[in-house]
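Order of writing sets the chain letters: A, B, C, D, E and F. Residues in each chain are counted from 1.
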Amino acid sequence: MTRYGAMYGPDVTFLGVPECDLEDDAALRAAEIVIVGAPFDGGTSYRAGARFGPGAIRQACYLAHDGSRPSLAMRVDGLRDLRVVDAGDVEMFGGDIERSLAALRAAIARVAHAGAVPVVLGGDHSITWSDVTGVADHRGRGRVAVVHFDAHADTGDIEFGSLYGHGQPMRRLIESGAVRGDRFFQLGLRGYWPGPETLAWMAQQRMRSYEMTEIGSRGMGACLDEVAATVSDCAGVFLSVDVDVVDPGMAPGTGTPEPGGLTARELLDAVRWVARELPVVGVDVVEVSPPYDSADVTSLLANRVVLEVLSALARRRLDGTGDRWEPATPLLDGRCG
Amino acid sequence: MTRYGAMYGPDVTFLGVPECDLEDDAALRAAEIVIVGAPFDGGTSYRAGARFGPGAIRQACYLAHDGSRPSLAMRVDGLRDLRVVDAGDVEMFGGDIERSLAALRAAIARVAHAGAVPVVLGGDHSITWSDVTGVADHRGRGRVAVVHFDAHADTGDIEFGSLYGHGQPMRRLIESGAVRGDRFFQLGLRGYWPGPETLAWMAQQRMRSYEMTEIGSRGMGACLDEVAATVSDCAGVFLSVDVDVVDPGMAPGTGTPEPGGLTARELLDAVRWVARELPVVGVDVVEVSPPYDSADVTSLLANRVVLEVLSALARRRLDGTGDRWEPATPLLDGRCG
Amino acid sequence: MTRYGAMYGPDVTFLGVPECDLEDDAALRAAEIVIVGAPFDGGTSYRAGARFGPGAIRQACYLAHDGSRPSLAMRVDGLRDLRVVDAGDVEMFGGDIERSLAALRAAIARVAHAGAVPVVLGGDHSITWSDVTGVADHRGRGRVAVVHFDAHADTGDIEFGSLYGHGQPMRRLIESGAVRGDRFFQLGLRGYWPGPETLAWMAQQRMRSYEMTEIGSRGMGACLDEVAATVSDCAGVFLSVDVDVVDPGMAPGTGTPEPGGLTARELLDAVRWVARELPVVGVDVVEVSPPYDSADVTSLLANRVVLEVLSALARRRLDGTGDRWEPATPLLDGRCG
Amino acid sequence: MTRYGAMYGPDVTFLGVPECDLEDDAALRAAEIVIVGAPFDGGTSYRAGARFGPGAIRQACYLAHDGSRPSLAMRVDGLRDLRVVDAGDVEMFGGDIERSLAALRAAIARVAHAGAVPVVLGGDHSITWSDVTGVADHRGRGRVAVVHFDAHADTGDIEFGSLYGHGQPMRRLIESGAVRGDRFFQLGLRGYWPGPETLAWMAQQRMRSYEMTEIGSRGMGACLDEVAATVSDCAGVFLSVDVDVVDPGMAPGTGTPEPGGLTARELLDAVRWVARELPVVGVDVVEVSPPYDSADVTSLLANRVVLEVLSALARRRLDGTGDRWEPATPLLDGRCG
Amino acid sequence: MTRYGAMYGPDVTFLGVPECDLEDDAALRAAEIVIVGAPFDGGTSYRAGARFGPGAIRQACYLAHDGSRPSLAMRVDGLRDLRVVDAGDVEMFGGDIERSLAALRAAIARVAHAGAVPVVLGGDHSITWSDVTGVADHRGRGRVAVVHFDAHADTGDIEFGSLYGHGQPMRRLIESGAVRGDRFFQLGLRGYWPGPETLAWMAQQRMRSYEMTEIGSRGMGACLDEVAATVSDCAGVFLSVDVDVVDPGMAPGTGTPEPGGLTARELLDAVRWVARELPVVGVDVVEVSPPYDSADVTSLLANRVVLEVLSALARRRLDGTGDRWEPATPLLDGRCG
Amino acid sequence: MTRYGAMYGPDVTFLGVPECDLEDDAALRAAEIVIVGAPFDGGTSYRAGARFGPGAIRQACYLAHDGSRPSLAMRVDGLRDLRVVDAGDVEMFGGDIERSLAALRAAIARVAHAGAVPVVLGGDHSITWSDVTGVADHRGRGRVAVVHFDAHADTGDIEFGSLYGHGQPMRRLIESGAVRGDRFFQLGLRGYWPGPETLAWMAQQRMRSYEMTEIGSRGMGACLDEVAATVSDCAGVFLSVDVDVVDPGMAPGTGTPEPGGLTARELLDAVRWVARELPVVGVDVVEVSPPYDSADVTSLLANRVVLEVLSALARRRLDGTGDRWEPATPLLDGRCG
């Protein structure tokens, strides 16, 4: 398997965690979390730039890139308490979406087969077809639920003559049987797409999509509780976070910005909850487009989404030992000493 | 009547809706909504740039410019379910505010007389004098209420030797008798202007102005309910949205940014409510200044404010048939099929 | 004492308030509020630029720079109802942190000794060591409480071989005895710094630090009430506002941006509360870094933080006369006439 | 043939020239110049964004978009003296380079067969394979010369597993026989690519490439004279202008910026000369990437490159009638009256 | 006469030179150079923002704002060797061009009558009507020559129903008799405006306009020598510098950018030559539009154009004493000691 | 010796060349060129940000970061034909200039003693004191000449109470005896600093400084020939390139921008000439300030300055074998095959 390596900037790892070669199965098996870059924006219908997402997300932090990030809130170090490695970028030529997505799927399947949780840094959202399929290749088709934060449903059919693109991955996942429609949960949808025909198809698949007015009326907590109630019999949950679920006023660096989204804080709270409460087996964070960003705020947010998920995974394990953390716990209680 | 046409960029319509000639009364009468651009920033006291607002608001969208926008939340197509046309820009030379505002007032009056709802894309807020007066010319002076979202009261008196400017339109409207002071509702005010003398004048007019600390304490919903209780006997409501009602951290592309505003989500929720619950007869969206914007997020927001209003107007009609939509309705309930 | 004067741009005062010479004790004694600029970013560990903070904060306003700002919400003029002067910038060479901090401390002590409240415009957060120490030099060591809004605890020990820097001032303040640990309140902390060792030290000092998940769970109001209950026996409160307590999506112009912060509105509400309810004897607003800002939104916010504090101080005095303002008061009630 | 139409913004024509349907052969035959947009950046190896090039180049002008541009220097109106139409954008999905380039080639061939000169607005440089091949399909393979302004030779072989991409079109053109190597002229090359192997291949093809140090030493005029001497027996010249031939300090909005280029003035002078002195039968202007631009200066430059070429083509015709223009002619000589 | 004073930012002087009150004739008579700000962009046809030009030009410098600038090249201090004062900004409301231009004309005439050279900081180019007329009011109508660096001729007739605007001042000056057409010299014109009719009018007036291709062919020096030969019998020369004469790739912060201009170096060389060789009696520097600038490079350039002119005026006086400076003089020759 | 390593971003090498440990003398001795980062801006008097210079210069390139860069012009690979390694960044705390400069001097001396040529990536210009002194520590005090491209002389005396800062290094070098004044050559000076007193000191030292008007009159070639004639008896030449020698319109990302500079092309031509014709024993490239840059054009230019120097050094060796390259050589002559 070829890697882009030093294309699109220097070949660095996520905040300095150790490197890992995707060809080296022993190394993969030794890891719990494998970060994989998918520097691809050939599937975008509007603003490109997400090819620089993996590099930007890996670097966006003001602290030393030393492979350690102790969570102030949760009192775990998501990069050290788990065995986190970075396998670099899969080579994905923007002009050839089919070959690129196939290469990514193979890479993710390899990680999943090794027993590790892949954390994929996009790239545009078309990569989720590969990310989830690669995990399902190992966990079993139809057995993994998807929790999907996004402004857009991404359930379009053929566009521009292609089955693949960043508006279509969720349809492909369901049509291919990789994911069952009733195990697909979308949070944060809004705006003016898709139209009735696609919505009808989604309803037929028994997807559950939470539009922002519903979330606003009922509260994110109530919505997430519903999700949790349903996924209990799944072989795991794939968490897919499109950074455009956040309002473009706070996260401008993305390709298809739709006003009226979550605040950054609301997203961090939500992904922390998902990763602590649900059995996450794969993650992707997509649609960060650095050329449209301002002072790197969107890359920073995506970096923190990854860290919040990893911290919550570490915390979930610790919680399992009985040492359960609660959000209202004062920072400097007895645990510090 | 002259039009700017291709000045300030190409002569395009709002997201591709059909063109309409302001001189063609038959065409105006066939329309329900007429979009009019007011590319004017000659009334600004600080940052200019709003002359590019109409062009930017028309173009700010990542979807095809095909004259259709099905609202995901409300299940209507605000551009197709209503007969929406775009009459282009009124010629408004920045250096001659009096003639410019007169030309705009004439254009709006023509639209109103034809029975259509004008939706004016500003331009700085001085245009609201023309927008509301033009509607009042048809609906009756003093009979139309104004619901005004803004960081600023815009009730200043003569400034720089001129009666007209973007800090004065609301005073002119009341002084001229176009609008009664007790039918003027302002939401989102904050900051350090105007001073006591002007506030005293406003109180004398029996205006009702909701400052952000009041909205924060009581909730936007309670404030809007108060407004609704009062406007029931009006001949209609003019909705004027100054994009600076949103916090400049989320909507930087505006001329007189005042920190501490609404989130984009809060504004969209509020205008949706207004357009569904109150009898809107005219709309303007003003003070988008593209040169100060970042990745077009402010233009996008203004575009969505327009779409949210149009969708809500379409929904209001459908609600009237008994098919009432509620914000908490799940997206994929029975209606999709 | 030397001043930078016209370095880093023209020598202007905060929104046009009168100048004051730090050498002129009579002038200082005649003032109630003395604004001091600390154009220093030699203590930053990542992005510099805060040296331009004082100039940017002084100028960021669309209204005339006329030394008057009537608060729309609170009905006081923070710049006129109090005797506010601006003493310009202390000369602080970025390459020599020890001498720079000493010069600033001397300047602040002089202001405090004259009986005025210093309002220091940073500059990076290392200046808080000088700001609070200067006040404590006058009010009594260990007698002043600190209310500290920030994403970061700033309690690091020696870094890069130096005791001083923008990650360490709070430790230095406590270690030096200027402030007692149990009179130190931090609000808005989050992210991935510091680690357990530093937290243990903080707990030992009996500091009280509110991380964002606690604030999110319990509400800012509840947290501030706790603070208020504790500071009642202090000789005064120093309010230190690091603009990075706000989410970088809304306030990008800062040096160490950490996603997941307050909204601008939440910060303004909180500082207004603090300055009205607690006996503020000193203020600093720090870490505004103009080169990373977008359309000056962060400088504007910092300017409004200063104005909100000054307005609340003026209001506190008026409240004390029995004319108490409440946030839910309608803007145009009887007081306007 | 499908068109993108309103994708990537509104469907506008170059500065307001008339529209033309690529399917309408009669309309094509009536035209002399047919502008075609190629909104494609799927072939880029680094920064994308050139998909927005066609829209940006069409709109970048401060004058009314009225289909007229009288050249101050040459006293012709390139948009009116020639019959110029705009056929809109060819649908080119970024993720499928092969199908996209084939669609473009067909479109260009259709224009060429109708007897018009295609002027293609890129898009990344991979489109030149289609542009020149489409012209050669009509004029005869190997019979058209190419004059190529660029920082890069674009003669790479297979990259990322694909024959096609923006670093390879010139090799493909020669290998396919569309263009003879000794009829290929490159001006402005510089930097650190390609390596010796590719240069050896280029030398074998008898290409003539002018690196910037040679141009600096000998002068652009001398180099162009050499080119002119060689192309006299060709069936025409295709002019391909990569905007990165200009120094990125003056034209930052491009994907692979290489310092040390021409000034904007030098490029305008050079393309004017080429279009007046050589028999141009096709043109493309490529690699404008708006997301990296500053105040649209690169889009403006590309717009002026197109206008300068069209003006020079109009002038060449007039020169042919004996009314020859010289650069040193004073602007206001007898011709004005 | 009213002044804007603290509008559009703080009320500062050009690099710290002394203030001067326009109402104080004694102060004006004591000055040799009077800087006047004209913060007006109501005459712009495209991008506004030039209202912030005066403030930006006054502040754009990295050195202390201390009213001294020793020219490294010419060995004079343009701010100290001449008696330079700054009279602040004339109040010019953007929405009322006629009143604004009249107020500016009166201010300039007052300066001229006092015997000082006005240096006007624009503002858009419509102000030149006032600037030159004000000088001619004193020096004699038709007696002052104009040397005009610009990309545009600015000789348009009525536009948007107004005689005044930034595309028309030069016509108004000639039509009003303030300047004779044969004493009007334009350098740097280019692009696609105006058309034949206006050029014919210009030729009739016997204006002399150097388009960039003529300047490129003959050299700026030869063109300027021609100018010098003609102005010898005038009562003085007004130097009007539109910053858009420089290529927008190097000076993006302007309203109507036209590619193909001078380099910044070429402009500085040219204005130095004019101010040393010709009898300058008035100056304006216009069309700096800060919102479109990048890192303030255009404001910096305009600041340096002013300094270069003032330095050259000081040098011209010294040259007159026989101590003539030559550009080729080594910097550290005997004069330094 | 401590290193910053992963501070200010990931720990990467210049375009992927091998790493080298400054502590490892054997490794240093095996190298010919040692790149050292000096991430320091504590010496700046105006805009900071140069601390991010080393990271930005290392990464600014669109080609794969593979440690190879074949020069198209000179037919050598500056990174491979020479043994180039990167020793990372020296730890330089911005707030402590004396300790920081001492640490850098020690690092450079170590490189020089090992027989390698240090290439230092700044950082502000205060580092040149360390860079040249470190080389002189090995080559002999007073024996190394300095060729210094800059807009500023950097020969100031004590500023802000410190001997060290970015306006003073050249004075310190001469006063300390590290460099003889008559072996100091400055090219590109301009603007309004320093004043007569400092110039007199410079003349006393017999420095040779070429201001831009002299360079413009005589040509850069003539000036460089003069330099070459003088340095023949030196132990080597240190080349110090301040990126602000280029016009800020083309290189905005710098701290003290002075209009009227070289073009990027002129700088590349000049440094190529110096490195081919003179015996270079040390290099620094300073004052790149990424936060003020636009699309990375200034970082790109600095990256190319380094590559041009390394390529020229490689070419100089090859030239020495008799295979001399000339700038006018066509690119594809016999050597390619």
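One rule holds for everything that comes next: a contact is a pair of C-beta atoms (placed from the backbone, for glycine too) under 8 Å apart; a residue touches a chain by one contact, two chains touch by 3 or more.
This structure is a prediction, so every number in the text was calculated from the model and none was measured.
Novice: Among all the other chains, which ones are in touch with both subunit C and subunit E?
Specialist: B, F
Novice: Report which of E-F and C-F is connected by more C-beta pairs in contact.
Specialist: Pair with the higher count of C-beta contacts: E-F.
Novice: Average the CA atoms of each chain to get its centre, and name the chain whose centre is farthest from that of subunit B.
Specialist: In terms of C-alpha centroids, the chain at the greatest distance from subunit B is F.
Novice: On a CA-centroid basis, which chain has its centre farthest from subunit C's?
Specialist: Farthest by centroid: D.
Novice: How many angstrom lie between the centres of subunit B and subunit C, each centre taken as the mean Cα position?
Specialist: 38
Novice: Would you mind pulling out the distance in Å between where the CA atoms of subunit C average out and where those of subunit D do?
Specialist: 56
Novice: At least two other chains touched by the same residue of subunit A: list those residues.
Specialist: 7, 45-47, 247, 249-250, 263, 292, 294
Novice: How would one label the connectivity among the chains shown: line, ring, star, complete, or other?
Specialist: Contact pattern: none of line, ring, star or complete.
Novice: Give every touching pair of chains, nothing left out.
Specialist: Applying the touch rule to all chain pairs gives A-B, A-C, A-D, A-F, B-C, B-D, B-E, C-E, C-F, D-E, D-F, E-F.
Novice: Could you please specify the touching residues of subunit A with respect to subunit C in the complex?
Specialist: 62-63, 68-73, 75, 77, 246-247, 249-251, 263-265, 268-269, 272, 294-298, 300-301, 304, 307, 326-334, 336-337
Novice: Which of the residues in subunit B end up touching subunit D in this complex?
Specialist: Against subunit D, subunit B makes touches at 5-7, 9-13, 16, 58-59, 64-66.
Novice: Which residues, counting only subunit A, touch subunit D once they are in their complex?
Specialist: 7-8, 41-49, 51-52, 91, 93-97, 99-100, 126, 159-162, 164-165, 291-292
Novice: Mind pulling up the subunit B residues that touch subunit C in the complex?
Specialist: 45-47, 189-196, 199-200, 202-204, 207-214, 216-218, 247-250, 252-253, 255-261, 263, 292-294
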